[in-house]
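Next up: some structures, all given as structure tokens.
The same chain A turns up in both complexes below, where it pairs with chain B and then with chain C.
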Partner chain A sequence: MSEIERYIAPKKLDDALEALAGGPVTIVAGATDLTPQITGGKLSYKATLMNIQHIEGLNAVTKKGGTKKDGKIRIGALVTVSEIRGNHMLKNHAGILCQAADHFASEQIRNAATIGGNICNASPAGDMIIPFLALGASAELARWQDGSIETRSVPLDEFFTGPGRNMARDDELLTAVTFDVPPENSIGLFRKSGPRPALEISTVSMGISGELTEGTLKNVRVAFGAVGPTALRGKLTEAALEGKILNQEVIQAAALAARKDVSPIDDIRATKWYRTHLIGVFTEELLNNVCQN
Partner chain B sequence: MAENVAFKHIEKTSMIGKRIKKPDAPAKAIGKTRYINDMVLPQMLYGKILHAGRPHAEIISIDTSEAEKLAGVHLVITAKDTPDLKLGFVKDNAPLKSKVLCERDEVAAVAAISEAIAAAAIKLIKVSYKDLPGVFSAEEGLKADAPQIQENFPGNKSLKFEFKHGDLAEAEAGSDIILDHVFNVHYVTHCCMGTSCAIADFDHNGKLTIYSQTQYPYNYKMDLAPALGIDPGDIRVIQPTTGGSFGAKLDVYPYEPVAAILARKTGRPVKVLFDREEEFINSPTRQPAAIHLRTGCTSDGILTFRSADVLMDNGAYTSWGPTVPVIMMRTVSGHYRVPVIDFKAQAVYSNNAYAGSFRGYGNVQMTYATAQHMDMFAEELSEKYGMDPIEFHLKNAQKSGEVTPQKSYLRECVLAECLTTAAEASDYVNKHKSYTEARAQEGRYKRGIGLASSIHNAGGAKIHKSDGCGTILKMDDYARVTVITGASEIGQGIDAVISQIVSEELGVPPEHVTLVNNDSDIGPWDVGVHASRTTFIAGNGAKRAAIKAKEQILAAASKQANVTAEELDLRGGYVVQDKDGAAVIRLDRMLRQMHFQPTPDVVMVSDYYEPNSELEGKDHISDHSAAYSHAVHIAEVMVDTLTGEVKVEKVTMAQDVGRVINQMGLEAQMEGGLAFGLGFALSEEMIFEEGRLLNPNFRDYKVPTAPEMPEIEMHFIESDCEEGPYGAKGIAELPTIVVAPAIANAVYNATGIRFLNPPMNPEKVARAIWEKKQADS
Partner chain C sequence: MSVKINLDFTLNGRPVTIEVPAEMTVLNLLRDGLDLKGTKYACGEGECGACTIEVDGRTINSCLMMAADLQGRAVMTIEGMQEGHALHPMQQAFVDHGAVQCGFCMPGMIIQANYLVKQNPQLTREEMKRGLEGNICRCTGYTKVLDAVAAVVGLNENKGLEHG
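Right, the complex of A and B next:
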């Protein structure tokens, strides 16, 4: 463990970004990923430790516009999993996020864990990543450039580059996650598995969203977790469903496609066989749930 | 001012069977309790151990110079500083090692002024190793060309046990059904919330005070002394509050002498405290075992024989783990009436982790096998001959007064009542039948119900020369009672039970009883908290001491009141007339009168209770416990046949408790015991690869969480044990022992698949169901 030379807790985004531009900084939000990684020796502190929890303006959930194309939802990086879980607007418009929050860790961890931390940690098993991928969300990144803030937006399905790795540069902070307000006829479902009902890291996880009109699914997005080096979009599954009337034949074809979409590994938590098996089971289960509702 | 006691009448009531709060519960709940882990002594140094982290290697060289140079480091020691010091009851272990035999092996240790410096110093020690080919299973260890692990144990053979009774060949010939299976019981560990800790401190006369989590303080002195080369009499053991033991602290492990050696050499108190990862890697495990069980039965449903051949991976050193066959064989020979027995067990050294004692002590492993065989017979007899499953169990259940082939004398045996009570309460027979029928039908979720039962010693187990316990009881001038007992409190609740018993006898409130039991220089001998023995043994001791005190007080009062002592009683803080409860004198006044007179009569009594059991002995033929008890568990499960998740929805238990003493403590032991069995059955597993533990953390070692606890329905059957205090029997291990096979039998009822190798985790269950489906279609 290397020594922390400086600890800062800026209130202004400007100050935080300036500090980031100025040299090696370890960012900490809820510390629920960082602390175990440091004590486990997987990571060491950089010279400056920056607590971002006090930065103003990063902890809001806002909706601008309606469900007709122009609407946007923006979730600040410091919003906690508990806040997502209890947010009524999200329940109405993006319930899949609340479902994932429901299955996340335990009360104590949910109170501390931020969505920024979950996304930047870039675990293939990160539970909030799945609903965001299914919602077609983008990461908003900010940095200090020539005396002012410069932001860019990266679609989440391009953001993850490997286990624990993402596209954010060293001088960039994730400030928010944004996505279009899903239309009225949208569906969104999340499923996660682990041997225990509580406090469990996903063996696999899955999310699906789309628009359902008269039994037909459109604009389908499928996301899988813990089945590859990063959380990923299930392109074959999406193709098997797009524009189709949801019946048993289509569901079976989608479950088959899902098994092809994923490339899990054997590790101590599960074998490749079991992860692939579960992806098929979950795909069927979620689509059957769509049919039933 | 003298109180007028005329017209005061106090009815006779009893504390026994009431719900008594654990005296230390509030402090624990609000975080006020100081555990050993929190303790800091003046001038204390922090000890840290360098573990090998590899399973088998020569140590070529150790360079401690960089570590010694680090500011704040007082001392670095290696095996060179501790030659000839041996540990363990076959003396095959040492505080620090000159050769590595398993991952946890202690190679060097540091004492420093802070935990952080000690940890940093450990990283600066340079060790060069030459890795050796290892042995990673009992089977490998037995091979002719296997590497030799322990010099003094040729062929890697460790402990061996045998018991035979009757003619096996004849019994086999007379059997209509013979079952033959190998059950592989896996590695699990205790996961005490308080990680392992010891604080050692020497005085200038060379006497060691060790603050320890031990659950057997008196034998501990004997076991620790040779690891330090000192006299056991020069060790004082103090037991601060511990965060759980469950068998893990029934032996001396290397970190304890290491703390003492560091303390002696630095002249300062030294504390060694494990972090969670160290705890996982360096704690004892439950003894894993491959149990080859054969059982015979006639078409009438009468058991004919059991033969068990048990192969145990001893790991690198011998702690209590490989002695568990002593208890396994009592179940093989004594659970249900089995006329012919052939039991063998062999432990084989390897480069794996080594096992200690763990709640259930071999019976968790053996009952997982025997209770599944009973279920298999019940299935087959019902299918072929239409026999009712409960009738099959009842036919073979012993009755009071029967003696097992090992000479366990079942004085009060209520196995039949346990079986019928649990079966009726859960509607076992009907549910079992309807779930069996539903098995063949379509559907993702399947319900199942399963029954299992076992026997366990419930009045101690005389493995040592004495299974006794000493008690000293004194009363002060205010009628407050102090009980000094040998029995340790490690969370199980002897504090509540002893206050309750003393309160019962002396008619004082339980809050007026103080227990002193954490200092070996004060307390008299006891063999330790294990074998479900403490309420039975120490409870008897406390009762006998309290009766002596009562007799002394009533004798004095009888002189004063001019009646015989038999006509008096102690109730509600008074001496009263036994017949109508009329108050004679306040108890505290009576005690003062006894005390302050020309010939003082002060209440200070003592007792040593030795149960009437017989020493286990080499041939294993003895009535080794003062009581035996049975439990029946019926588990109801829901299986997701696609994900393989098993949800235990309800457990109905019926257990012979002899007599309920503290109802609340009893319920808590049932729940806690069940949680251990649940984790063992479904999710907990230490995963090893070539001797290295791959999941030394709670993320990947999965203990049950609150939502997994099933609904529990408890039925306490009171057999009224003649030898037990107020009729009580020991109760704490059976709930851990019986639940796992009940779940396994329920999963079979739901799926038609037997799981011989726990844990029944989702992947294992899903895979087995999927494979069966492939094979069936």
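Right, the complex of A and C next:
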């Protein structure tokens, strides 16, 4: 553990971004992932420790516009997993997020852990990443440039570059996650696996979203967790489902495609074989659930 | 040594002013800095719930939270639950139902159980189980813990009836 030379807890985004532009900074919010990484020796503190919990404007869930094409939902980086779990607007419009939040760690961790932290940690098994990928969400990144805030939006399926790595530059802060309000006929389902329902790093996880009209799925997005170096979109699975009437033949084809989409490894939690098998099983199960609903 | 930070916060209803190293956790501050040994250190990584405390009305694992982040916040630990010489109703229920064996997990368990009942006074047994997922006990088998929480929920219902 290296020494912290400066501790700051800015209230304004400007001040936080200026500090980031000024040199190496360790960013902390809920600290539920940072603390174990520090004590476990995986990470060491940079010269400046910046607590971003007090920055104004990063802790809101907002919806602008409706379920037609203009609607946007914005979730601030400091919104906690508990807040997602209990948010009625999200339950109505993006229930898949609440499903994932419901089985995230424990109540105590959900109360502290932030969406921004879960995404920036870029764990291949990050539970909140899966529903966001399935919703086609983007990361909003801000930095200090020539005396003002400059933002860019990066689609989440391009954001992760490896285990624990993401596209954010050293001077950028993830300020929010945004996605289009899903249309009225949308479905969204999340599933994770582990020996216990609580406090479990997913052995595998999966999310699916799309629009269901008379048994046909359109604009399908499938996301898989803990089966590759990053959480990933299942492009072959999506192609196997897009525009098709959801029957057993299509479901079997999708389950086969899902096994091809993933490239898991053997590790402490499961073997490559088991993870691949489970992805097929989950694909079948979730699609059968879509049919039943 | 890392830089030190001056903190002002409320602990069990009393104001505290103290200087802490930037990397210190809340758990270390409570136990070693403020000599409040009720909050327990067990896993140190948020898996067991023994260090559960309430901060601004929400329960968190104090082994994960940074002490520096307590600035301006209100903390309640197990030491703050007792009302004068009388045990808090949740503490009393744990005693009455034999929910305690070695006792190590109890401070965290009681804080979390109390938080759950405050959040939802009509908590079901299933909701108690979900809410206590983050608190591990290695001796009681949980049944008596749930009995104790259920008794407090029952108490609240009775009170509600009286007022109604």
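Worth pointing out:
The rule is short, and it goes like this: the second predicted complex is superposed on the first by the 293 of 293 C-alpha atoms of A that agree within 3 Å, B and C clash if a C-alpha of one lies under 4 Å from a C-alpha of the other, contacts with A are read in each partner's own complex, and residues count from 1 in each chain.
Assume contacts are C-beta pairs under 8 Å (C-beta built on N, C-alpha and C of every residue); 3 or more make two chains touch, one makes a residue touch a chain.
What you see is a predicted model, and the numbers here were worked out from it, not measured in a lab.
When the two structures are aligned on the shared chain, A:Leu49 is found in touch with chain C, with no touch to chain B. Touch criterion met: A:Ala198 reaches chain B and chain C at once. Of the two partner chains placed around the shared chain by superposition, chain C is the only one that A:Ile38 touches, whereas chain B remains out of contact.
Using the contact criterion defined above for the overlaid structures, shared-chain residue A:Ser82 touches chain C, although it does not reach chain B. When the shared chain is aligned, chain C comes close enough to touch A:Ala105, but chain B does not.
Look at A:Leu278: by the touch rule set out above, it reaches chain B but stays clear of chain C.
With both structures placed on the common chain, the touch criterion links A:Ile268 to chain B but leaves chain C unconnected.
More residues of chain A lie in contact with C than with the other chain of the pair chain B and chain C. Once both structures are placed on chain A, chain A residues 197-199 are touched by chain B and, in the other complex, by chain C. For chain A in complex with chain B, the residues that touch the partner chain are 193, 195-199, 201, 203, 268-271, 273-274, 277-278, 281, 285.
Residue ranges of chain B in contact with chain A, taken from their complex: 642-643, 645, 682-683, 687, 694-695, 699-700, 702, 704-708, 761-763, 766-767, 770.
Partner chain A is touched in their complex by these residues of chain C: 1-3, 5, 22-23, 25, 44-47, 49, 52, 58-61, 63-66, 68-69, 71, 112, 115-116, 130-131, 133-135. Chain A contributes residues 1, 3-7, 9, 28, 30-32, 35-36, 38-40, 45, 49, 51, 53, 82, 105-109, 111-112, 197-199 to its touches with chain C in the complex.
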